[in-house]
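What follows is subunit A paired twice: with subunit B in the first complex and subunit C in the second.
The block that comes next holds the complex of A and B.
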């Protein structure tokens, strides 16, 4: 009797956790093991008994020009997005945090500024596709400053397509930064700013010597999260350009999706997926370390 | 002199505030305006705001089309089930994390946190074979199960945080009266943390409502498609009937938009907790 109740006490937390554990094992742990397995097989999924081929798939993917093209596009897309998100998010957060506007103005502005974050990828894609059409509103507005003509095609020209999808990604991603930075700004003690003012520091100096150092942990955290998210982005690019024209907007996610679902080369797709996963895990490890540092 | 300077700064900042509002809000406004025009008028040069072609025709067209209404029903159903399951499973897990110490606690927690670092595309390939093996391809179940993997971690972390702020005395009071842990959880902890649960629930709804890639790969027939796929399908179907696409986009964004406008405080609390608290 006593032994039984002791066992029950020990098992209790696992009982509460059991639905989560089952889900995580079936839909996370097993799939990741599967994808690893596929990456070492020839013709995984397609044939009944695929052969084990060691690192052959890895050699093939790492020797594939298209893989490196996709990697290059991804680096551009991710780095430009993250930097622009950071700058825009910071500017908007500072703007919403000034004493120059009334509370109501700031509340309305905040709702409008967060709007792009609310929309689903397909709405974002379709909306920008409309606006970026030749004869569209973007061409019209930019024709006043001579940056476009009536017939400028932003998405179907190799020169502009990658920059254009990056811009769309910047548009829909900055609100997360803005809101996090705003929360961080409101958490900085007013004393710090007062003593800086007493020392005669100007706005610029206060920003670099107080605001930035105080926000640094938050900035690093969100930038790392955004790095991981942006490497993963698929939907908006897929719907805007599908990777084209001529692979000029093909990022790693698009490259993997096309390998798997258009060309049914699951083994090669899995190999590329494992490489992307490894990169994300490395960043995540840094992220967790950073979080620990913040807590201490 | 100082007053004049301050006024100049204020005007400059106000101008910046408007420019930012234009950048963020104009595309959304343009979507709404375009949904009220005919296709020809959308590309008028110079463009117009509201013109003679104003009509709600595109909305009527969508709301009377059984196939498109079905997309909305599918999306509401999938999102609602995902919210309920996420909350129930998440509450149970959060209770374990908040009230017990057990040997594998750290490891399990690490797995849950690490989900954020796993790109969905990595899971999509094995899901394809897994879902087909389980005979769930092209069913609601396929979507509900796979969405849970991405909604649960956030939910568990948030609710564990809420429960940790509640004193253990609350549970013990129930248990001294002869109640079980089960009773303490559902009768005391859950009602007390209701505001937090509402916020998590809304965020989950938004994730499920907006998901695109799994819905694209794991469903095949139109009676299983969700709104994001439906919007995307319009692109090929009607040789670009833009006003209908914009109307569908607007209708598809409406649930999340309304939730967001009425409960923005909750949303913003949810968004920031990840980065600020960690």
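The block that comes next holds the complex of A and C.
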């Protein structure tokens, strides 16, 4: 009787955890294991009995010119997006935290600034596709200041397409930074700023020596999260350019999708997905370590 | 103590229920409820009906349930395809459950079904998937089935064959003629539709002079069909093809294909083609046409219905695709199809074959003919006699053009068609941008074709 009771007591936490664990196994562990398995097979999914081919798929993907082109585009897209998100988010957060504006002005500005984050990917794509098309509103406005002609092809030119989709991604992603940084700014003790003012520190010095160090944990966390999210970006790029023209906006997510669903090469697509997963895991490990540091 | 025990029991029961629900959700497809509204509707409606009326006609397969993965029910008027399969059930006692998804999702669903062993018995397929599906063993060899079931091979006007065996049977053909905006033509003083490339250029200049764009090419690679429907569709009208007389893909030794590419580039250089072609989707192109920005486009005749509904003021005209100046032969017209294949995993292949035969021959081709009229398409049944007399006058013009030429599509049944179409677009865009010359363009395209066909 005593033994049974002890066992029940020990099992209780696992029973409570079991729904979550089952969901995680079904929705996370099994799919990841399957993709990993496919990456070592030949003609996975489409063939009834695919053969084990070892690292052959990895050799093929890593030797594929298109993979490296996609990797290069992804690095540009991610690095520029994350840096611009950080800078823009910081600027808007500082603006919304300042005492120079009234509460009503700040509330209205907050609603306007957060709007891009509220839109779904399809709305963002349609909106920008309409604005960026030749003879669209962007061409019309820029032609006044001689920065573009009225038929500039922002999304159809290999010279501008990648920068354009990066710009769209920056536009729709900065509000997350803005909200997070604003929350961080509001949590910094006013005493610190007062002490700095008494010591004769100017605005710039206060910013570098008080604001930035106080925000550092938040900045690192959101930058890492953003890195992982941006590396996986698909919908907006797919709907704006489909990876074109001539693979100039083909990021790794688009490359993987095309391999799987256009070329039905699921084994190769799985291999590329595993490589991206490995990169994301490395970032995630840093993120978890950072979070632990913050808690401590 | 009692309370604690009750709490624990409650927690364990709740956990058990959740786990059971999770396992039940992951159970096999046969036991799981329908995943889309159409299927649920189908089952409910069928349950409310009685047994088949004619037991003599029922013959083999009575009591069998076939699954049909398709996009037809999504594109046809609501309930049309459902009524068709209900009629089949009444006549034969064979149920056909519709698994409906938009065209864009159908290929993914077929592949997913194959990977999990739950693929439907009958699948609607696109011409660009057939070779790969046949090669990968997704589709069964229908030639053998046709012999086994006594299928009348004269019923379909055409079949999709891979290595001499049939793997899919088209039911409807969708023509891709040229359409023109008559109001723009009138404003530009164009009284006669262009018949040759020279006429077309002349008309294009008049259109540009009035501030419109004459023509559009949709070369977006997210759906690379623009290269077949529009770019090659124009070429096929002048009998310019990628295949040589031996049926091999030979573009590098094809002076006419080179000449055509150079001519299209010259149109682009002169500003006759709507800018932004490499990110222009078929939907973008159609909306630019219906909003009066573009004068000529090549598009599916099925779009007429959408234009009538969405752009009632559009003054639409069906135009023949201009041919090369010295061309005198019969013009080919690009076609896309609604076709059916039977999956290798199916346990009811013969019943599936009989259903396909029924679609082509029921009511002396009446079922196929009515479907064609509903979809502004052309039946692939040799028995069907569609009555378009009450149809749109523009569609009647298209029908006349279709009858005066012949349906053609080199990408149907092509090996790795999507890969080739995407690479073709990439090479064409590079050439049109002036970053490569015509010979490099053609030799790169030939290299892609040779790589796919293992030369």
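What to note about this one:
Convention: the second predicted complex is superposed on the first by the 294 of 296 C-alpha atoms of A that agree within 3 Å, B and C clash if a C-alpha of one lies under 4 Å from a C-alpha of the other, contacts with A are read in each partner's own complex, and residues count from 1 in each chain.
Criterion: a contact is a pair of C-beta atoms (placed from the backbone, for glycine too) under 8 Å apart; a residue touches a chain by one contact, two chains touch by 3 or more.
Every value quoted in this text rests on a predicted model; they were computed, and no experiment measured them.
Of the two partner chains placed around the shared chain by superposition, subunit B and subunit C are both touched by A:45. In the superposition on chain A, contact is made by A:241 with subunit C only, not with subunit B.
More residues of subunit A lie in touch with B than with the remaining chain of the pair subunit B and subunit C. Look at A:179: by the touch rule set out above, it reaches subunit B but stays clear of subunit C.
Contacts of A:101 after superposition: subunit B is touched, whereas subunit C is not reached. Look at A:133: by the touch rule set out above, it reaches both subunit B and subunit C. Using the contact criterion defined above for the overlaid structures, shared-chain residue A:283 touches subunit B, although it does not reach subunit C. In the superposition on chain A, A:114 makes contact with subunit B only, while subunit C stays out of contact range. Of the two partner chains, both subunit B and subunit C are touched by A:261. The residues of subunit A shared by its contacts with subunit B and with subunit C are 12, 16, 19, 23, 26, 45, 129, 133, 238-239, 261, 266. Those residues of subunit A whose C-beta lies close enough to touch subunit B in the complex are 10, 12-14, 16-17, 19-21, 23-24, 26-32, 34-35, 38, 45, 91-92, 95, 98, 100-101, 105, 109-116, 118-123, 125-131, 133, 135-137, 140, 150, 171, 175-176, 179-180, 182-184, 187, 218, 221-222, 225, 228, 231-232, 234-235, 238-239, 253, 256-257, 260-261, 266, 269-270, 273-274, 276-277, 280-281, 283-284, 287-288, 291, 294-295.
Interface of subunit B with subunit A (complex): residues 9-10, 13-14, 16-17, 20-21, 23-25, 27-28, 30-31, 34, 42-43, 45-47, 88-90, 92-93, 95-96, 99-100, 102, 105, 108, 111-130, 145-146, 148-149, 152, 156, 181, 206, 209-210, 212-213, 217, 227-229, 231-232, 234-235, 242, 245-246, 249, 252-253, 256-257, 260-261, 264, 267-268, 271-272, 274-276, 278. Across the complex, subunit A meets subunit C through its residues 8, 12, 15-16, 18-19, 22-23, 26, 43, 45-48, 129, 133-134, 151, 153, 155-156, 158, 161, 238-247, 258, 261-264, 266. Touching subunit A in their complex are the following residues of subunit C: 8, 11-12, 15, 18-19, 22, 26, 107-108, 111, 114-115, 132, 136-138, 219-224, 274-281, 284, 416, 418-419, 422, 425-426, 429-430, 433.
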